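What follows is a group of structures, each given as structure tokens.
Okay, so chain A shows up in both of these, paired with chain B first and chain C after.
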Partner chain A sequence: MRRQVGNLLSGFYLTACYVFILLPVAVLILFSFQDGRLAVPPFKGPTLQWYVTIFTSDRMTDGLINSLIVGISSSAISVVLGFLAAFGISRYEFPARRLLQGVIILPLAVSYLLVGMGLLVTVSSLGFGPSLWTVVIGHVVINMPLAFAICLTQLGEHQRKIEWAARDLGASTLRVLAQVTMPMIAPALVAAFCLCFTLSWDEFIIAFLVTRFDVTLPVVIWSMLRGGFSPQTNAVGSFIFLCSIVMLVAVELLLFRKRRV
Partner chain B sequence: MVSSNEARAASQARLAGFGFTLPAVAWILLFFGAPLAVMAVYSLLPLTTDGSPPHLRFKAYSDFFSQPAYVQAIWNSVVTTAIVVAVSLLLAYPFAYVLAYRVPKRWQRFALACAILPFWTSYVVRSYAWLLVLAPTGIINWLLINLGLVERPITLAYNPNATVLGFVHFFIMLNALTIYANLVQINPRYALAAQDLGASAWRSFLAVTLPLSVPGMAVGAFLTVVLCIGDFITPQILGGNKELLLPQVIMMQIQRQLDLPMASVMSLVLTVIVAVVYLLMQKPMRSARL
Partner chain C sequence: MTAHLEVESIFKVYGAVTALDQVSLAVEQGAYVVLVGPSGSGKTTLLSVIGGFTVPTSGRVAIAGRDVTALAPAQRPTTTLFQDYALFPHMSVAGNVGFGLKVRRVPGDEREKRITAALDLVGLAGYGGRGIHELSGGQRQRVALARALVVEPEILLLDEPLGALDLNLRRQMQDELLALQRRTGRSFVHVTHDQEEAMALASLVVVMNKGRIEDAGAPKRIYERPATLFTATFMGESTQISGRVSGTNAVETAIGLVHATMTQPVGAEVALIVRPENIRTDGAEIELGTARIREATFQGAHYRVLAKAERGDQDFVLRLPPDHLVEQGAMLRLSCRAESLVVLAR
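Coming up: the complex of A and B.
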């Protein structure tokens, strides 16, 4: 009896939490199909017209392209630098190893606002204007520590033994890196790339601080908010969200599915 | 001869290790470390009104702390963050507990993934989505009016409570994640042993499981502080501009006053607060293996 009450209570609590957590996203997506000018109840529709505008309005397509440029280039740099550093840290003994590891991880413990402010102040005191490349630099600062951490957890002892075997057979360090280590942890590298891309794709504050005209999608949404509740905002928001989810499913499949076998 | 070869190999290995690590470290130092240093210098070179060359002084700092509105913003930020940490932990703990111990093992990953789904929307989209729910024309007010419970829309959005709600929504997911990761690592035999020795379920939870899950809560709480106290979007969209938080005041310095020295001072103050929290929480976080 007591056990049943407990189960009932926990079931109830679980449901309440799910409703609370999923409610805003559900409303966001539902009203992206609103057949009317305002994203407020009652629901009329459904229509896909607002999704079409993402790909037809200039402001949106520019934002989309900028977001892709920033996301792809910053994630690529993050994964390359993070992987090399993880290889160095996990495979070699050298002085100040711990310290350097700490330096790489450091940006994880500060708010994005600080990273963005630092870049803004520096760029403007050097006399450069706002630019998309500053966003790329900032996104590498916040995402590379993550790529580094993911690679580090995947470069285990098992891989190390295979690297030794390759070395015994006469392979040079770079050859080991390119033909043994990288193929072995390729799923982790792709997963790290996807995760970095998701975070860059969603990131607002750094992109907002250091750009003016070439803006990314989240910044476009920010400027649309002044126009009130337009279903178009819902559509872009849902679109960004769905892209992130697709990337994350890829991460899940690449990083975790294999381990279970 | 052999030993000199070994020494050479060792020094080569050191060089290679450095070589691989250096690009990443250089990037962080150049694009994170150096800008922080520039900010620190900037904060000491306040704007001069008469166009004379600026010289080193603490004017921006004294200006900052002598402005009641700014000190109030720090206070608002600290209080809001404290409330958000407390409420998120309180709500997330039972959620993570049920997920870890009541949901069947093979459903847990899926249940967890669904529970953190909105985690992957950007701050802007998430806050906007809450507006759709809470606004006078939003879904809750529409429901209340149509059910005949109220006659005119009640005020839910555009006040500090809405900010807290928006934050709690995000951090309940984050804390559920860190607490869950901690709970599933606790050996269930400890709690069983306590119950074999005669402890009630409640007592074994309080004396065994809860203390063992402190690291997960500490990590969650720390991340909450870092992300909450530095966020500008949630209060800006949901908060209604009445009680400003520190990041909002920082953004005002940048956008309206164009006062980068003052914005630098404020960002550094923000960082000092986070650093203090980190030092305070280092001990409970240390044993976390997430």
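Coming up: the complex of A and C.
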């Protein structure tokens, strides 16, 4: 009897938690299908018109393309730099190795606001204006440590032995990297890319601070929100959410799935 | 004529620890060398120095008359069979075996031929297309062997290759390794902590302890006439009788005066070593006194008997034939032949 009450209470608590976290998202998605100009109850029935408007609005599609450019290039650069740094740190002995590892990880602890401001000041003092490439640099700064950390966990002693075997058979460092290490940890590299892309995809502060005309999707949404709510913003939000979910599921499958060897 | 593998006064020091202490070794072509010793004896470090993975503090390594001390593993005519095989998980069996050939720019059709021949050699014909994760432990071992042998190294280095296999498979792989070594005619250097494995495989056993070579020789010699007390105890069971040389060819011990030929001077502390199968009960020339059976365990081909001397505090370990009537507490009159008694400095 007592146990049943306990179970009931904890079940209720769990449900409440999930409702608290997921209800706003569910409502946002629901009203992206609102047939009317106001994204508030009552729900007047489903329509895809708002999705049509975001994919036909130049502002939206420009933002989307800019976000893709920033996301793909910053994630690719982050993964390449992070992987090479992890390989160097884990495979070579040199003084201050631990210190260097700490310095590489450090940007994870720095607030995005500081990164954005610092970047803006630096870029302006060098005589360049804010642009999409400044956002790419900013996103590499915040994402490279993450890619580095993911790669480092995958470059253990077992993998090191395998690299030794390749060297023993005559392979050069470049060949070991290209034909052994990278293919061996390919799932982790793809997962790191997906994770970096997800973070870049909905990053706002840095993107807002260091762009002027070529803005990314989160900045477009922010300016739309200033003009008032409409089901169109809900549709954009839902679309971004969907992209992030797809990426995260990909990470989950690649990185945490049970490895066969 | 220089040896095929020459290791000359190698030192390897890690901080305050001396892993290898003036190790020298000369090996003829086509030898099966087994480095054996307890953990921390330096056997793996020595293998690693030969393979080029560990740079020695001082000393010299030469293979086939060429000084390779300064060369990286890739440039040495050696390949290694790693303990956990270290196969490339993302390549097929053929991809693994062909890797070394690809690095050496062997053209495609010849590569195919050599991969097939190598897989044939290790009994994995037709497995080329399989993935590594589809193979059992023993099969992975064979792939690793094929991968190491296909590039035709002067010397194959084996780092405790049988440690992860169960007993039956280990025996089988021992036979196969030996057959493979004979067929290819290459020198093998094999590391193990298992003295039985060392006996079964080696043409040259190298017993290591605390970074030094204690003894090196043919298995039969190592077992029958060990050079040091450590070798005698590490390489199989024996009875040890401690004593002091009291006159020409005579040792004063707890069980009385024992006569044996020896080179040690009068007054030296010595140990007399007899292997269990050499202790007899039929009155051979060297008397070892009477002993009472303390424990006897039946082992199939023989009884393993622990006995205690009537006089003095001395234990014996010996073997009795299975048809012998063995009773606890029974008295035995022990002796041995002169040539089976080994006198070693203590």
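Everything that follows uses one rule, which is that the second predicted complex is superposed on the first by the 258 of 261 C-alpha atoms of A that agree within 3 Å, B and C clash if a C-alpha of one lies under 4 Å from a C-alpha of the other, contacts with A are read in each partner's own complex, and residues count from 1 in each chain.
Keep this in mind: a contact is a pair of C-beta atoms (placed from the backbone, for glycine too) under 8 Å apart; a residue touches a chain by one contact, two chains touch by 3 or more.
What you are looking at is a predicted structure, and each value in this text was computed from that prediction instead of being measured.
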| item | value |
| --- | --- |
| Touching partner for A:183 - first (chain B), second (chain C), both, neither | second |
| Contacts of A:171 with chain B and chain C, given as first, second, both or neither | second |
| Chain B versus chain C as contact partner of A:158, first or second or both or neither | second |
| Most chain A residues touched (candidates chain B, chain C) | B |
| Touching partner for A:144 - first (chain B), second (chain C), both, neither | first |
| Residues of chain A at both interfaces, chain B in one complex, chain C in the other | none |
| Chain B to chain A touching residues, read off their complex | 13-14, 16-25, 27-29, 31-36, 38-39, 42, 91, 94-95, 98-99, 102-103, 109, 113-118, 120-126, 128-133, 135, 137-139, 142-143, 169, 172-173, 176, 226-227, 229-233, 237, 247, 250, 254, 260, 263-264, 267, 270-271, 274, 278 |
| Residues of chain C that touch chain A when the two form their complex | 51, 53, 72-75, 78-80, 82, 84, 86-90, 99-100, 103-104, 132-133, 147-148, 151 |
| Interface residues, chain A side, partner chain C - complex | 158, 161-162, 164-172, 175, 179-180, 183-184, 186, 260-261 |
| Of all residues in chain A, those that touch chain B in their complex | 7, 10, 13-14, 17-18, 20-25, 27-28, 31, 38-42, 81-82, 84-85, 87-89, 91-95, 97, 100, 103-104, 106-107, 109-115, 117-122, 124-125, 137-138, 140-141, 144-145, 148, 173, 198, 202-205, 209, 218, 221-222, 225, 229, 233-234, 237, 240-241, 244-245, 248, 252, 256 |
